[in-house]
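Chain lettering (A, B, C, D and E) follows the sequence in which the chains are written, and residue indices restart at 1 in each chain.
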Amino acid sequence: MLNAIGWFLIYFGAFFLFLGALGIMRFPDVFNRLQAGTKCTTLGALSTSIGVGLLHPAWLPKTFIIALFILLTNPISSHALGRASYRSGVKLWEKSVVDKCKEFKECVEEENE
Amino acid sequence: MSSLILVVSAILVIFMIVGAVVTIHARDLLVAIIASAIVDLVLAVLFYILQAPDVAITQASIMGGLTTAIFLVVIKKTERYEQ
Amino acid sequence: MGKLSRFIFTSLVLFILWLFLTSTFRSQEVLIGLIFSLAIALFTYNSFTERGLQNLNPRKVFCAFLYLPYLLWQMIKANFDVAYRVLHPKMPIKPGIVHVKTKMKSDLGKLVVANSITLTPGTLTLDVIDDNMLIHWINVKTDDVEKASEEIPGVFEKCLKEFLE
Amino acid sequence: MSWVIAIAIIVLGVVLTLIRAMLGPTAADRMVAVDSMTTITTALLVLLALYFKRYIYLDIALVYAVLAFVATLAVARYMEGGL
Amino acid sequence: MIKKAFALLLVIIIGIFLSATFARIPFGEPKTVVGKYYLDHGVKDLGGVNIVTSIVVLYRGFDTLGEVTVLFLAATGLGMVLAGLREKDEKKRKKTPPSLIMRTETKLLFPMTILFGAYIFIHGHLTPGGGFPGGVVIASAFLLMFLSHKKWEAKEKYTKVTEALAGMTYVVIGLIGLYVAGSFLENFLPKGVPGNLFSAGIIPLIYTAIGFKVGSELTGLLQNLRETTE
């Protein structure tokens, strides 16, 4: 039973990791790529490592720590990248609907350094 | 040494070579730093696959964070684009 | 808060992390772990936590444990959302940056809200300026501040108010 | 047999992100690809530890999970001009 | 053009020879006599499960002392070069402040990363790793704080004192070995049961010293790099 759940989690995770990579390949600009990259890889790596832990219950604490660190570090790195690429002047995709960032002078002033 | 491991390491080696070429030819030095970070991270995976965990852990820890940061500080102090 | 309670909380967290890392209860490992966690907590407790042992209030811990499954369910929903957008041949996306207001006061509260927003369907926190959040939304439904605040961080804040504020 | 499929899917993901890292028009695109690549590689290392049946190999995956984002943070701070 | 073609030809020839040579070496079989000796007698002689660390610290201990000295010399040399470029008074250089999320999160991660580095260097004889990776992980924790806080700094006197104490500990352990067991860096503690934390004699002690030394050296180096002007 534990075995079956473990293998299911591993395949689930592997599928989403692949989807995240495909999203990075297909989406048009930096921010959309970040969307795919963050969400899919976080859940994918989390569920793969927990699945490996379920196959060998003695490994579970360490895989749990790996999952915890991924859950802590991944959103912050994507946030930092998004902020930095907006401030360094990366343009939004031309079909974007709205850009509220222009209203804040903190975001824009660094652009022409 | 099964064939699966052989195929995986062959793919990774090809990407390492491409990364090294990008590192050499990039005009933008930030791109060169990112490409060399790719080379280092993939090299850690290769050491791992070849079952040398001590070397892999050292490679991953040194090359992952510190070297990239030091290179970045250096191009911040000098200049970003090569002429 | 008192310095002692902050110190005890930091070393407790570090010691639990150590137990997970070594994953044994052997007396030698526990001894070394105690020494290291006390020593590290001695010079980092100042930045690690602001409230100390108050975090271990049973009601707050219970709310945090209720929050985790909810976050996990949101993450799974987010992944199927991304899967739909990636695998659809025409890529039905309508991206944009919207502006929302958050009600959280403390730094930790803003951090958890921002990270939760990043992990949930179609949104990514770009910047936090005081209590304004700039959010990249992959499928913009509204660009009004009030409505967007109700739509994106509203649900989380109701859960998080309990154990963070 | 079940190994081959899971590992092959993940390696395919790594290859896709590496292609984007080599193509990517701007430096930000490349860094996004590298960031995702490190997370995908962490999962790959955990799976390979199961494949080699060695408990101690999990440490390298842990080093990857802890340290790979330092490089991302450094590049992000450089790009926004705060280093 | 002819030059490039010649270079390509040379690279191809070297590649063919290299791959032909390495194809004949079998994977994972010890060939040399020394390697066979280490594999057969290492665990029984020294009590360390991870044979690589036993070789690095005990069989080749003097070598490692040299490596640590080289790292120390490199860090000191860089510090001397950068000392001339030190910022005298707070120059007005416009810097983007780090975001609030980054500041809060790195405060949370800082003690955890240091604890992880300590885990790596104290378990050098049981798991892969050892003093050098552990020290680098600790220095990376400090790097995180440097990246995300404008004012935060590691006091120079503390890093210097830690480094000096750690280096002294290494040499003193070696001298005790010379006094008790008859040669420099000889093992003088009981071997213990292989697999326990308190086993393998002086390996954990030496790796703790190396971990502190490498960590404080690299932290001082990063601090020096941060304080200089352009």
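We adopt the following convention: a contact is a pair of C-beta atoms (placed from the backbone, for glycine too) under 8 Å apart; a residue touches a chain by one contact, two chains touch by 3 or more.
Please read these numbers as outputs of a predicted model, since none were measured by experiment.
For the pair chain A and chain D, chains touching both partners: E. Graph distance from chain C to chain D, where chains that touch are one step apart, equals 2.
Averaging the CA coordinates per chain and comparing them to the mean over all protein CA atoms picks out D as nearest. Here A-E and B-E were compared by C-beta pairs in contact; the pair with more is B-E.
Distance between chain D and chain E, defined via averaged C-alpha coordinates, is recorded as 23 Å. Centres computed as Cα averages put chain A at a distance of 21 Å from chain B. As a whole-number value, the distance joining the C-alpha centres of chain B and chain D reads 12 Å. The distance from the centre of chain C to the centre of chain E, each centre being the mean of the chain's C-alpha atoms, comes to 33 Å. Annotation for chain A: residues 20, 22, 34, 38, 42, 44, 58, 62, 65, 73, 76, 78-80, 83, 87, 110, 113 touch two or more other chains.
Within chain E, the positions touching two or more other chains are listed as 94, 96, 99, 101-102, 105, 108, 116, 120, 128-129, 133, 137, 140, 143, 147. The residues of chain C that reach two or more other chains are 17, 21, 114-115, 125, 127, listed in rising order. Interchain contacts (touch definition given at top) occur between A-C, A-D, A-E, B-D, B-E, C-E, D-E. Residues 94-98, 102, 113, 116, 120, 126-129, 133, 137, 140, 143-144, 147-148 of chain E are the ones that touch chain D when the two sit in their complex.
If you check the complex, the residues on chain A that touch chain D are 7, 10-11, 13-15, 17-18, 20-22, 24-25, 30, 33-34, 37-38, 41-42, 44-45, 48-49, 52, 55-56, 58-59, 62-63, 65-66, 69-70, 73-74, 76-78, 80-81, 83-85, 87-88, 90, 110, 113. By the touch criterion given at the top, residues 72-73, 76, 79-80, 83, 87, 110, 113 of chain A touch chain E in their complex.
If you check the complex, the residues on chain D that touch chain A are 2, 5-6, 9-10, 12-17, 19-20, 26, 28-29, 31-33, 35-36, 39-40, 42-43, 46-47, 49-50, 55, 58, 61-62, 65-66, 69, 72-73, 75-81. Interface of chain D with chain B (complex): residues 3-4, 7-8, 11, 15, 18, 21-22, 27, 30-31, 34, 37-38, 41, 44-45, 48, 52, 54, 56-57, 59-60, 63-64, 67-68, 70-71, 74-75, 78-79, 83.
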